[in-house]
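Once you've had a glance at the structure underneath, I'll fire off some questions.
Residue numbering begins at 1 within each chain, and the chains themselves are lettered A, B and C in the order written.
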Amino acid sequence: MVDFTPPPLLHIRYLNKQFGALKVTRDVEIRVEQGEIHAIIGPNGAGKTTLINQISGELAADSGSILFDNRELCGLRVHQRARLGVGRTYQTSSLFDQMTTQQNVMLALQNQQGHSFRFWRKAATDPSLIHPALGILERVGLLDQQNDYAANLAHGQRRQLEIAMSLATKPKLLLLDEPMAGMGQEESWKMVAALRKLGSEVSILFVEHDMETVFSLADRISVLVYGRVIASGDADTIRNDPNVRDAYLGGIEDA
Amino acid sequence: MLLFLEQLLNGLQLGFMLFLMAAGLTLVFGIMGLINLAHGSLYMIGAYGAAAVTQATGSFTLGIIGALISAAVAGVLLELIVLRRLYNRDHLDQVLATFGLILFFNELTKILFGPQPLYLNVPDLLNGSVEIIPGAPYPSYRLAVIGVGMLVAVSLFLLISRSRIGMLIRAGASNREMVGALGVNIALLYTLVFGLGAMLAGLSGALVGPLLSVEVGMGENVLIITFVVIVIGGIGSIKGALVGALLVGLVDTMGRAFLPGTLALILGPEAASSVGASLASIAIYLLMALILIWRPAGLFPAQ
Amino acid sequence: MIMKQFFSTRNLLTRKNLVLFLLALTLLSLPLIASINDDSYLLIMVSRMLIFALAALSLDLVIGYGGMVSFGHAAYLGVGAYTVGILSAHVMEGSSIGFLPGNLPGTESGLISLPLAMLLAGLVALVFGALSLRTRGIHFIMITLAFAQMLYYLFISLYRYGGEDGLSMNGRNLLPGLDLYNDTHFYWLCLGCLTGYGLLVYKFLGARFGQVIRGCKQNPEKMQALGFATYRYQLVAFVISGMGAGLAGALLANHSEFVSPDLMSWHLSGELMVMVILGGLGTLIGPILGAISYLLMEEVLAGYTEHWQIILGPLLILVVLFSRKGILGALVGKAADDG
């Protein structure tokens, strides 16, 4: 009679969002368990990024509930959600271009160490920022680029830096919006390996087009079509789901 | 009650004048993304154009035409020489460059016309009053100004909602790239829109000429109130400009007319006369602050 | 060749430090130069430049570093000036401050009126900033402008304190150890305030707070996604900036022994912005150079023609169109960039 399953880390229920007459999110329900790597797939215009934006708080949902770590996120601001442990990256890497790689991570770390209303001690030489920053850069393989300006990094490096900055905020859940977008084959596989490693430390919810990466990386997958979740489950379930085949996979396999 | 109706009309008159200014300013921002501080200079050019032509010919009608032409020509030249280089710059650059334009136009006007204000007489035909409300004669010139304002507002809405150029203007305000993709000559469209806005500002300046003195710096005062109007209405929206202009016109006029008296009932006459005057002069800014707390993007935010 | 090596050495001998050194040397030796030439006007003129440099510097903190284009900074300058002016006027009248309870008298003590000027300017900046920062971009520009304009009209209609005509002061403030009627003393006070505020801002910008402020300018959305409550940090920067402008206003009131609503006019707000851009946006030395050269230009051009603004206007447009980095950028190149 006692339910032993732990509560999900993220539980989205009855989420709705409408732009004018266009319903972009319809009664969406998604569960992301602790430690899970969860993928959202779907054709263009399915409302994937809109959904991510509603979880991170950049867009307000019209109705529904987003329960994260037993806290309701709806109604909270972007920075409040980030503080609760929701980290994210964007489709086009969003960095501080006029800062160096190391400064980018140090800035992200600042918020992890309490407020930043500190007016006196020089931040650039603060060991309590430098040491963890170098540690994180080493983890994502950007140590050699520590003094390069973010604006001068290569595409893949920018994406890695963005993930590094998210990690610096010690998130419980990482929202990744097409982490492999614009990457070559080799870079993509490196990223997949990196994300798999990351998945052992933090739960991940990511949006991706590329089926190969999704099936190899995700523990579970939710399929979004026209704002509605039409299927949810592990890779086999999704592959064999007739609805998914009709709406989505069929088209690709036939091509 | 009669006083109230009279002030209501005064408020409408101010509101329509502000609308003539705000329409151009908000279109230019909505379509070209440009903050144009020199819009007030076009108003001033219109007023001086009207004053100069009226003095030379003795005809206020010709004066109005002179105002329209001078403001439109100045506007088009301004767009061609300076402003089009600013469309893709950030707002800070736009503010500074157009601030430079104000300094230039003010000084040029001072050199051409001298520092003393000019006075325009109300044309004879309209130099009487009409008893539209029994017992309360109202100056016919002001009434005519309200009429012209309404006429322009209606034609502007028709132009924008019905004509091809209006369609392009609407499309441009919501999606600049799309208009380019339609194969429209964007540069020409921009110049036309700017010229139209300039003409409206010039008309506003000319119409106000007989009510206020025509002087250097007249553009700036009205410019800042116009900013308040379009911030309240929602930047880029013609409808917002109209609603904002009427709201600001009415609140400002009513505030000045009735706030001191009303406060006197509460605070006593002495305190009220100073507090009331102060409060009346800042009423529109308070209105703006309140509206922004409620809706940070204005009443009718353009997409 | 030697010069080139000298300049390219990446140590203390940078061109930026050279500019700073020469600027400091000139300003420090100016009282001596003035006394040798027996030229007291020089000190009076440069004192005024330093005051505007302080105001421009405070404005650059929000525009150049924080990315908040405030078009109403004269308001805070005006609040600082009126604080000093009103306190002094009450001394002249021998009256108490009517709108406050408790029959408080006016004062000419700089130890009271200068800090109070900063405090009140900071308070006004807190209120205006709290409302304005709810908006972004063009809205922010126009709202800061409109709030300043509101204060301007408020003081015009404030007949008790001179209204449109302004308010004459009893005299300059009193400070222990300084005689503000002495041009040299006054000059040192202005230079001290500018240096002090400049150093404080320099420290703030280097600390964690400064990193957050820069981040808010470069990428505010990202800052929020990282968990920063950007609004609060920007508001605090705005208040610090308003306090600097308030101090400048307090000094300006002492300089002219007169305050008027013109100190809050949008024209002055615009001029402060011009000084910042002219000197170099997002730098600490730039606004100082900008204020000095703007007022120098005014002084020189006004010597040729009373219509000097007809030259200034187009000049300004040319600067905006063709030289983004301002004077400091022209002097030191890319090293100027600090925002």
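The definition used in the following text is that contacts are C-beta pairs under 8 Å (C-beta built on N, C-alpha and C of every residue); 3 or more make two chains touch, one makes a residue touch a chain.
Predicted, not measured: the structure shown is a model, and the values here were computed from it.
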* What topology does the chain touch graph have (line, ring, star, complete, other)? -> line
* **Closest chain to global C-alpha mean, per-chain Cα centroids** => C
* **Distance between chain centroids, defined by C-alpha means - chain A, chain C (Å)** => 44
* For chain B paired with chain C, centre-to-centre distance based on mean C-alpha positions, whole Å -> 32
* Length of the line joining the C-alpha centres of chain A and chain B, rounded to whole Å -> 48
* Complex contacts: residues of chain A adjacent to chain C -> 56, 58, 77-79, 82-83, 87-88, 94-99, 103, 106-108, 110-111, 116-124, 126, 165, 169
* **In the complex, chain C residues that touch chain A** => 203-204, 206-212, 214-215, 218-219, 221-230, 233, 236, 337, 339
* To do: Using the touch definition up top, name the residues of chain C that touch chain B in the complex.
  => 63, 69, 71, 131, 134-135, 137-139, 141-143, 145-147, 149-150, 153-154, 156-160, 266-267, 270, 273-274, 277, 281, 307, 309-310, 312-317, 319-321
* Which bits of chain B are touching chain C when the two form their complex? -> 29, 35, 82, 85-86, 89, 91-93, 95-97, 99-108, 110-111, 220, 224, 227-228, 230-231, 235, 274, 277-278, 280-282, 285-286, 288-289, 292-293, 296-298
